[in-house]
Structure formats: C-alpha cells, structure tokens
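Residue numbering begins at 1 within each chain, and the chains themselves are lettered A, B and C in the order written.
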C-alpha cells in the first residue's frame, strides 16, 4: 500500500426526507484494494456517486492527488482518472467489444475509423488482463458476466488511478471471478487505488486490504481485512440500536392453513428453485441484499414476468398464473417497488387510481359509477390517513408517501387475500411508516396473508412472523421470528463461496 | 401567465380550449376583413362540410393518440371505405343504407387490423400506419379498378344520404357530429374502455400490473378509430359526392393537427374531445379562409404542418417542465 | 441485453444472413416472373425495372441512417417531389442551367434534412410526427412554388438534358443502365460511412443505447442530426434521379414513395427499432419491392396490387424481426 491518493472527508448529503450521507469519511491509498460494505441504503452507492460527480455534495471535501476537487459529471471524473464500473452495464449492444471499449476515442486513419487497430489494441488489453474475450464479437452476444469484464477492461484502458467496482462479481461465474481477482491484483501492483463494493464476505477476505463499513448513511469504521473476522464486519453492518422491539413471536396460530404454496419456482438467474409456504394471517418477511432476487420472485409469482418452471397452489389448489390478470383474478395483489414506474397512473386522480384493479365493481351498466368510486376512495383516504385535499386530486401532486398509500388502497379496494408488498415504506417518512405497519397488522389480523419484501432490517424484525432470506436467486434460509436477529439474517443474506 | 392559468374559470374550461376559441374568432375576423364575401352563411356552411368528415377522423385518431400511439392511415382508409362502398352502390346496385353500413364496416376492419398488429404483435405504430395506408390505397384502387366513384346527387334515388349533412336549413350534419363527439366524450370519460385507454396511455405497465388486459383495450382504441373513420367516409361523400382513388393523405395531418391543438398529448394519457372539436373547426375555417382568399390549398398544408410542429413541441416542452 | 448464461453466436450470423436471404428472394422473384411471363424476360424489362428503382434506391440509402438511430424520415417521398419541382422550376421557368437546378434540388434536400434533425435531435419531437409535418410542408411548398403546374425537366435530346444520360446512355445499339453503376458506387460509399466513420458508428450506437453514447462524452445531438441530414441529402439525389427518369414531375405526388424506401430498408435488414442494418441490405430490399412493382402486372395483377403486397411484406418483415428479438431476449436474467 502506498500513499493516500483520495480522501473524502465529512461528506454530507441530504435528499428530501432522507439523510443519505452523514459526515462520512473515506480514504483510498495507492496500490490498495479497499472494500466498502453496508446494507442496502447504507449509502455506499451514494458516496461513490458524490465522488464521481453524479450527485453534488452538501458539504465536506474531496482531496485527490493532493488537490481539492469537485467533479460536476462523470466525464470530468473520468478525465481526472477516477473511473467507476457500474452494476448496470452501459454498453452499446449492437457494436462489437472493441468498438465499445474505445467508443468516443476511436483510432483514426484520416476520416476512417481504424477498426483493425482497435481490435489489436483491445486484444492486447485483454492479453494484459488475461481475459479471454474476442474483441470482434458483438456485445449483445456475450453473457452478462463477459459484458461486465468488458466494462472493467474499458475502465482500465482509461488509465485510471482510482477504480471503483460496484458489485462486480454479482454476474460472474466462478472462473470469471478468478480472472477478475487476477486483474485486480495486477492493478494493485501498478499502484492503482481500488474501491471494492460488495456484500460477499469471502471475497472481501480474499482480495481486499481494508474494509470500511457504512450504516444508515454514516461511517462506522475501517478494519484491516486480515485482522478481522466475518462476525466483526457483520456486527458493524448491523450493530444499530433498534428502538422498536422486534416482534416477540409469531401471531399466527400453528394450525393456520397454507394459503399460498410455491414450489420449485425458476425464472432465470435471479429465481432459482425457490419454494415456500405462506399461511393465513401471516406476515412473511423476504429479506436479503439488493440483487438477491426477491422482487424477481414476487414478479414471477404475480405473473408479471415469464417463468421457466414452478407450481403455484392457492388454498391447496393448483393455479395457472401467466399474467398479472391471472394473479389478480386469483386474489393476489402486488405493490411494486417503484411506484412511479409501476404503481400509479400519474395523469389520473386519487379516486381513479384507487379503483384501477377492481373497476368492474364500480360499474352501473356501461358507465362508471363515479360517485361510488369517490366514496370508496374517500373511505380509504380516511382509513389510511392519506394527505390529499380531495380524491379528485391528481396523484402526481401527492408526496411519495401518500402516493404509496393510494397504491395500497388500490389493492385493498380489490380485497385481495394475498398481498405482496415490495419495499412498502421506501421513501416514506416515519409517521406514515407507522401507519402502514398498523395497517399491515390489521390486515393480517383480518385473515389476509402478506409477503413483505424489505431491505430494512428493523422493518423485517418488527413486522414478520417468519423471515425468508434470499441470496443471489436462491432461498438461503427460513427463520421463525424468535430465532431471527440481524446477525442471523445477515449471515444468510451474504453469500458463502469458496475461493 | 401562470396566475391566469390558475383562475378557476380558466381551469374548468381548459386553457387550451379557450385559446383555441380565441384563435377561431380571430381567424374569422381576419378572413372577413380580407374578403368582404367571407362573412356570411355560405362560407360557414362550406367550412362545416369540411369539418364533418375531418371531425370524425380527428375524433377517431384522438382515441389512438390517447394510448400513446399514432395512426396516419386514417385518410386513405376513409377513402378506401368510401370507394369500396360507393363502388358496391353504383356498380353492384347495393342499396344506399347497406352501402353506408359497409363503409363503416370497412373502416372498422382496418381498425381491427391496425389494433391487432400494434397491441398483440408489438409492431411499432408508425410502421403499421405506413403499411395500412398503402394497403388501403391499393385495395381501393383494385376494387374500383382505379375508377373514380361518384355517389348519387340529392335528387337521384338513394340521394337521401345527403340529408345527413343538411336538411333544408337544418344543419343535420352538425347535430350528428356533435352528438358523436358527445358520445366519444362519454366513452372516454365515463366508461371502462375510456378509463383503461387513458390510463394505459399514461402508464401501460402500471395498468398491466393492476391486472388489466392492456392488449385488449389498446386494440379497442384502434377499432373505435377505424369505426369513426368509416363514418367519416359517409360524411365525406355526403358533402362532396366524388371520390378518387389514390388520395387521402392530406387529411391525415389535418386530423392529427385538430386533435393535438385541442390539448390531446402525443405521449398518451391526456385527451380532450371538446378540444379536438374546436381544433377541427379551426382547421376547417383555416382551409375555407385560404380558399376564399383565392390562395392555393397548399398554403394550408404548409401552415398545418407548422401548427402541428408547434403544438407537439409545446406538449413536449410542457412535459419536460413537469419532470 | 446479454443472454442468461449461453453465448449465442447466431446474431452475427443472422445479420450477415438476412442479406443473403434477401438476395435469394430477389433471385427467386426474378426467376418466378421470368418463368411466369415471356414478356417479362426481355432486356427492356430489366432496364425498365432499373430505371424506376434509382430514386427509390437513393431514398433507401439515405433513410437507412435515421432508421438505424431508431427514428424514421417520412418526408423523403413528398420531399423529393418538392426538391425536383423547385430545381426544375429554376431550369424551365427561370432559364437556369440544369446543373444549377440539380444543385438547388440537392441543397434543398439537405436543408430539410437539417430541419428534421433539429426537430428530432434538438427539440426532441417524436420522429414520425416531426417528419410527417415536414412531409406536409414540403408537399405544400413544392406545389406553391410551381403554382400547381407540373414541371418537365429538359427531355432527351434537348439542351440541358445531359443529366438524363447519366442514368441511361446508349453505346452502339445497346442501352446501358448507367444509373445502376452510380447507385452501387453510392451504396459502397455510404456503407463505408456507416461502418467505418464516426457518423455511421455513432448513428448505430444512438439507435442501440442513446444514454451510453451520451455518457461516453460524444455529442449525441450532432450525430443524431447528421443522420437526418444524410436522409435529406439522398432525398435530394433521389429527386435528380426521379427527374431524369420521368418526363414530368407533378406536385401533390410523392406520398407513398417513402413506404417503398423504408419498406425496402426493413426488408433488407434494418431493424424498426434501431441499432441494426446495412446499406447493401437496403438496396436489396428495394430490389424486392421494385421487382414486385414491375413484375406483378406481367402476371396479370393490376399495378395497385403491388401497394397492397408491399404493405403486407413490410409488416411481415417487421414481424420476423420482432420474433427474432423475442426469441433471443426470451429469458432476461434481471
């Protein structure tokens, strides 16, 4: 490890309603691999986005190569030598590998782009990094893992001095991870500073020199990898004081019937052989880190995405669910993660959004019974305490939390027996959160069955009767609420691989 | 400007529509000043003749644009409907009433064709439009063996259809058109079909995830459009009697212009039938005024093209501001 | 994008493959018409097919670029008539030399191309809407400038008609379709531009993943606009070809030409949603359409059937393209 090349000091950033970064410190040395760890929402991505100019910080300083800097966009950061390899790939599918790597800075022979030279240089680059990819292949014909390798090679070819890897191994095979680590070791030899964001405990132990842990937007601490244990890291990740008591024991009687049984569900890489049961009146918490496959599992059950195989039984009877229509008809409701994209119809009113899943019930002959619609909508506005001047207000004008309540109302109006809530309180203030918790408990008490996908540990522990943990598409464990603690959940949520 | 937009009366009537009415009045004034013979019933009636068939085209395309799609085969399909049913009338002796129904049927069939390809086969709407447009033109030409079709005059047998436009001094056409406009408004605002069509135009995925069969309702929008195009054909022949194969394109843009001017958003989800109606009157008056000034119809095409660009740009800019 | 875990080489094959398939279709169609009608298999028929294909081919070469960016240019049909009318007007009514008329026509095409580019790339209007409007505007403008009268560019044998000889000339007793040579040369040129210059490369990239291009620091607006300028330029060249082959140019015509050009491009492998396509493929696709257009009357089908069939073939080609994409993108791992 060499001298310090990058220092982020006292970085603070607030978004409306959320204190994303709370005086965070972070430092990178030349020739080191520095892991950045934390749960979802801990602030890792946000910190890196502040560094590379995607977000502007509210306060704090960034010192790079001895000088204070402030980048306004990724281009500036890139030109200075700080490159980030994102989780979401930014590749042009219809161009070849070499063309992608050198896009924007192609080799020219006069007016002609010198593809031959680009292929040669790319081949040399891949040789140096010991990656086995043909630079003349079309990008879209490569596996996701190989595409990521190209993204990494592209970053390296920019002569970066600091490279940030955001969950690099998520899409890689074991062999490709080996290749990646060789590359990283080479880079380390060349005195490049590397930031490695990952949740894979064992990888961290193998490849990194130091580990910095963040939690709820704050900097918790930095450990030297070889001197610490997995438990130490987990403790730092979750070691918060929980003010609300976790649920003491399950509220579900032991003889409660099984309302939903999922068997051997397969849908691509994110849903591998998932099986579980949901009981009447139960709140089943789905825990796991980002990319664990929980949303994908929910969407596959709901028919929103096609599935390869798997059986779904409702109240013991097998049902065919190939579309959201089928699911809704069978009494399943799904509150999606991203309400703006998938939950609300922005140009429409609160009332109109509320009845969208059950419009058939509001007809008088051929016409919509708008009075009944408004009445029912108002009922739910009252019972959910949705802040809106009237039910004729356009949803686009409501705050995030209240928009969420409108979406919840939609599924309540449909009176579903099985509800899947995907991150139900994301982006919602504390007061509204509590109301939603109360509502969920009330629904469960009334006999509805709920699957609650959540990345918030407190929420999982507070609300669930049972906890199902997923990691990288597989179910890694099921816990009764008595045996569930932050540590046990986190252990199941972070992958065990042998390297 | 912003304060004015918030005023309750303006909000209720719709800023767009008020501006349009103003434009309508202004245009009428200007044309009357430019041409002494302009003010007066004959010109207005002539403009109305143009407004009827164009109005039905516009109403139809409003439904399609509300889903976020587009259909510029409407002009040629209208002609195809008029030609095929007219040919049956004149050459096969099909009775007038049935010929009229046939016209609507042809339009509806094209609507089914277009709707199926867009909704169920995911073909981009502009390609479907392009193909439909030419299929319609080709079909009409083949069917009538490239001959012009002349629908009967009022005095001829079966000529009662012309009463659809005007009976004595009663503007029947206007009544029928406004009645249909009202029907469209009811469909769009008071029925399930309209609700789903507008919602899926705004956020198709959210509607799908609410358990609604979006494909079905999207296709329905195109079928409604096709049906209205078939009706437009009736009003076209009732006003002008003669239909020539191979034409029809110019009405596409005018119909879309009337719709977009009236406040319907190209992005889908937002539609105004009353705005479309006023927009159609503006276009019809424009075309009449240009005719009265003795200028070539081509001026109208250029002007309409510019108007649509302005209207679409205003829509795009407004949406960007909201984001 | 990428596949779940199996690399699939056949996309590359398929892209090269589609051109071969279209070439086969061209040959099969030609053979079919030759067999079905003795009148068809004359040299004069071939000449006729080629003559009437030049303007469509040129349009198709140009429109390949907006299509590859994921957009479209609907103004090329009425546009070419407009440019021809304007240029012709100067030659016939203002006594300008033919070369001036030609240059003005092409320049006008470039100007409208710039307008389209500005509307789509700078003002972010939907391409079909923007070019539908310029389609209307050019149609009206053309008719206005010539006062609704048709224009006849100088006919063969008269002064200033040299430009017609560029496209067909007589060597000894044989008529030679010179125009074909120019078209092939232009195809080669534009294929080079598409595959080996930034203009073409970035057009493909924009059609494939516009955000990625922007993130790479490339001036997206410029290259997006250039695609439409190229389309306008070639509409201008098509105007020249059209005037050379037809004796009179009538205002108000031109609507429907774009279907033949765009249809040809899509049949030839251009993806309706952008990112894929080739100039050679577009040319081959145009030949399919021209063969149908000219050949159908020889087997007893009225010329207008060609419109119907072209429309159906276009839809068929797009459906095939969509099916391909569905099959390859079937299981998305995310």
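Going forward, a residue touches a chain if its C-beta (ideal position, glycine included) is under 8 Å from a C-beta of that chain, and two chains touch if they have at least 3 such contacts.
The structure displayed is predicted, hence computed values, not measured ones.
Chain pairs A-C and A-B differ in how many C-beta pairs they share in contact, with the greater number at A-C. Ranking all chains by how far their C-alpha centres lie from the centre of chain B, first place goes to A.
Distance between chain centres (mean CA atoms), chain B to chain C: 30 Å. For the pair chain A and chain C, the distance between C-alpha centroids works out to 46 Å. Distance between chain centres (mean CA atoms), chain A to chain B: 47 Å. On chain C, the positions that touch chain A within their shared complex are 1-9, 11-12, 192, 196-198, 201, 204-205, 207-209, 211-213, 215-218, 275-276, 330-334.
Residues 74-75, 78, 89-95, 99, 103-104, 106, 111-113, 115, 137-144, 146-147, 171, 173, 267-270, 296, 306, 308 of chain A touch chain C in their complex. Those residues of chain B lying in contact with chain C across their complex are 70, 72, 117, 121-124, 126-128, 130-135, 137-139, 141-142, 145-146, 245, 249-250, 252-253, 256, 266, 296, 298-306, 308-309, 312-313, 316, 320.
Only residues 302, 304, 323-325, 327-329, 334, 336, 341-348, 352, 356-357, 359-360, 363, 366-368, 370, 396, 410, 414 of chain A touch chain B when the two sit together in their complex. Those residues of chain B that touch chain A in the shared complex are 186, 190-192, 195-196, 198-199, 202-203, 205-213, 269-270, 322.
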